[in-house]
Amino acid sequence: MALANFQFILILALVGIALPFIGVGVAWLLRPKKPNKLKTSTYECGVETYGDAWSQFKAQYYLFALIFVIFDIEAVFLFPWAVAYGGLGFYALLQALIFIFLLFDGLVYAWKTDALSWQ
Amino acid sequence: MPIIPLSWFLLVGAGLFSIGLYGALARRNAVAVLMGVELLLNAVNINLVAFNRYIVPAQVTGQIFAIFVLAIAAAEAAVGLALIIAIYRTRDTVNLDEIDLLKG
Amino acid sequence: MNIFEFIRDPSQIGPWFHQLLLSAGMQEWVANLIGDVIGVLLIVGAVLTSAIFLIWLERKIAARLQDRVGPNRAGPYGLLQTLADIVKLLTKEDVTPDGADRVSFNLAPALMVMQIIMVAAIIPISAGLIGANLSVGLLYFIAMSGIASIGALMAGWASNNKYALLGGFRVVAQLLSYEIPLAFSLLAAVIWTGTMATNNLAMQQGELLFGFIPGWNILVMPFAALIFFIATLAEGERAPFDLLEAESEIVAGPNIEYSGLKFAWFYLQFFVNSLLLACIFTTVFLGGWQGPFVDQFPLLGIVYFFVKSLLVLLALMWVRATYPRLRIDQMMTFCWKVLVPVTLVVVLIVAIGARITPDRSINAVIISGANIVALLVTLGIIGRSLRRDVQRRKAALPGRSTAQV
Amino acid sequence: MEFTFLHVIFLAVAGFTLLCGLGVVVSRNLFHSAIWLIGAFAGVAAIYWLLEAEYLAIAQIMIYIGAIATLIVFAIMLSRGMMIGRAKMNNFQAGISAVVGILLFALLAFILLQVEWPVVQQAVVADPIPMMGQAFVTTYVIPFQVIAVLLSVALVGAIMIARER
């Protein structure tokens, strides 16, 4: 079953990634191609572009990604637990409560240190 | 029934491990080294899951181990990259052979 | 197999076709491969055609809501407008800006399209009529939205444009943040139904509570459904969460340097993504294809499913056409300080509530009540903190009227 | 041994994974390294799926591509200029590392082709996800809670380190 699904998803992924390129290929046959210096310059609201864009950005974005990663892993652990939950005893609920509580702790810490507010 | 021989999976794991090792040892940039380490962990996970599938197919032990490795890899990446960002902020470089503060 | 059987239960067509290929003397794997390829092509075709219809629908409805007419020149009611747009986009010059990173610049739109096509595989439009009923269904859906955020980040970086990069950062910060409440409200539904596979989720909701109330998850956990709906607005990048394309601030988001068909792919992803999110909402909370007489006539499931999904989509459009845009700090604060803690509370309510009595119907009533209480408490807390905020600002700005605060 | 269509799929997936892995370590542009890395992660996810570990494959995509790769890309962008190919991407021990890598692979390949693995000809369990969920809160409950502690400590530590002061 898993392998049958795998073949389907694999074909889907390949078609999904190929389709945009096919579309762009068709458009390449149809469209005009006359680039010039002004056309291919970087857009910056009509002013001359200064430097390239690959400059430094705020660490704030990184902090949000960081908290996200931790919660994402929590989800990976909790989803199988949720599926099995119907057949498990009270003990399972207790363990999951402790698990969620421990991670809630991390969120509270982030809140208290102002990592969650956008500066 | 498994059709593909077990050793094929193990060979892929070994290949990925060697590539990751090269990346972790040879690169100067700290982020690139971290990417090499992630490849190493992935290679190990392939072996765990392959052994699970071929030797104890009635259990899920190997998969559970692999999930734990996944979680630890994520924690490692999060802290490691935070360190790299902090070092970059103070030292303005992420090249490991220039970060030698402990050498004094 | 006769035609009436098909009409009664369209999901029979897959196995029937497989048998047909086998009886024609094909090998098992060739038959499987052909079946899969046809299935994939059907999904891709459905995605592309639905996009054409959706873009027209959205423009028309948004126009009506804002007291305009909307597209009305090409074809009756402007129905051919999207086709005209496609022709235009196909024949537009495709400009790659100087200094762009060509590999990632071309890969980014492909990833965006790949995401919606992959997600479309797990939508059950009728009993058993589904691309692949994965046992990991909902988690697969969450995992795929990660691909979209990588695509947006790639587009932003590759363009070598400051607005694009800033837009990319913003959209990724938004998508990542709102993925947490999204995932955890789904977790609440999984705890209650005990399965992640999308078709089984819809099937489970066919149970009747007390013998007559449909066991849809929105009735059992209205608050979780509301959280999922809000997260849907953000994941679909719709107003009031459409910060990434804040025209007045960062021009248009990560796809600013894209033109021609590559831009069209971003556009397509936006519209189809909304439909898919509405479909997931329908499947998880509104009982999917469940409805009266669906057991006798599975074909009715398709009708029910699309009616429900389009209603959800209409709600999404309504919100989009009505509300103004949030500021980025408001948006992030709302996610992390309101939605995430509240979602964890809802998960706990559902987990505990599912265990209180051995009778599922009574548990459902308890969970539902606790959900509504939690919703009211949350609204109360938000209201109080907003009032305090306004008062603090009033105190900080003496001599000004509240209108300016 | 019979050569089936599944073998072809496996070889394609394995080749893709190793190619992407090589791309990660030889690419001069750090952002391109990250893109190759995403490809390698996807390839490993496909290998898990070929091993009929559907859940793990999705967890791999969710955590590695959705979360870790995003973190890495963010970190690359936060450190200005470090992704543009500078003069040297490798350090002085690159040559030795390459030799070590090739030797290690040869050794591992030699060993694992010699060993007679005790393979069990049996189908996998029909429904592994509830089994995993159950194992988390019974057999592996201590690692489960330790992971929770580890994650919250990692969160606190990383916030402390990365915060701008």
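A, B, C and D are the chain letters, set down in written order, and residue numbers restart from 1 in every chain.
Here is the rule we use: a contact is a pair of C-beta atoms (placed from the backbone, for glycine too) under 8 Å apart; a residue touches a chain by one contact, two chains touch by 3 or more.
Predicted model, so just to flag it, every value in this text is computed and none were measured.
In terms of the stated touch criterion, the partners common to chain B and chain C are A, D, listed by label.
Core chain by CA centroid proximity to the global CA centroid: A. Counted by C-beta pairs in contact, the busier of A-C and A-B is A-C. In terms of their C-alpha centroids, the spacing between chain A and chain D amounts to 17 Å. Between the CA-based centres of chain A and chain B the separation comes to 20 Å, rounded to the whole angstrom. If each chain is reduced to the centroid of its CA atoms, chain C and chain D end up 29 Å from each other. For chain D, residues touching at least two other chains, in rising order: 4, 6, 50, 52-55, 59, 62-63, 66-68, 70-71, 74-75, 77-79, 124, 129, 131-132, 136, 147, 151, 154-155, 158-159, 162, 164.
The set of chain B residues touching two or more other chains comprises 67, 70-71, 74-75, 77-78, 81-82, 85, 89.
For chain A, the set of residues touching two or more other chains reads 2, 5, 7, 9, 54-55, 57, 59, 61-62, 65-70, 72-73, 75-77, 79, 82-83, 85, 96, 110. Applying the touch criterion to all chain pairs gives A-B, A-C, A-D, B-D, C-D. Contacts from chain C toward chain D in the complex involve residues 29, 33, 101, 103-104, 107, 134-136, 139-140, 142-147, 149-150, 153-154, 157, 165, 169, 172, 176, 179, 196. Partner chain A is touched in their complex by these residues of chain B: 67, 70-71, 74-75, 77-78, 81-82, 85, 89.
Of all residues in chain C, only 32-33, 36-37, 39-41, 43-44, 89-99, 106, 109-115, 117-118, 121, 131-132, 134-135, 138-139, 142, 157, 159-166, 169, 172-173, 176-177, 179-180, 183-184, 187, 190-191, 194-196, 251, 256-257, 260-262, 264-265, 328-329, 332-333, 336-337, 340-341, 344, 347-348, 351-352, 354-355 touch chain A in the complex they form. The part of chain D that touches chain A in the complex is made up of residues 6, 9, 46, 49-50, 52-55, 59, 62-63, 66-68, 70-71, 74-75, 77-81, 83-84, 124, 129-134, 136-138, 141, 144-145, 147-149, 151-152, 154-156, 158-160, 162-164.
Listing the residues of chain A that touch chain C in their complex gives 2, 4-5, 7-9, 11-13, 15-17, 19-21, 23-24, 26-28, 30-35, 39-45, 52-55, 57, 61, 64-65, 67-68, 71-72, 75-76, 78-79, 82-83, 85-86, 90, 93, 96-97, 100, 104, 107, 110-111, 116-118.
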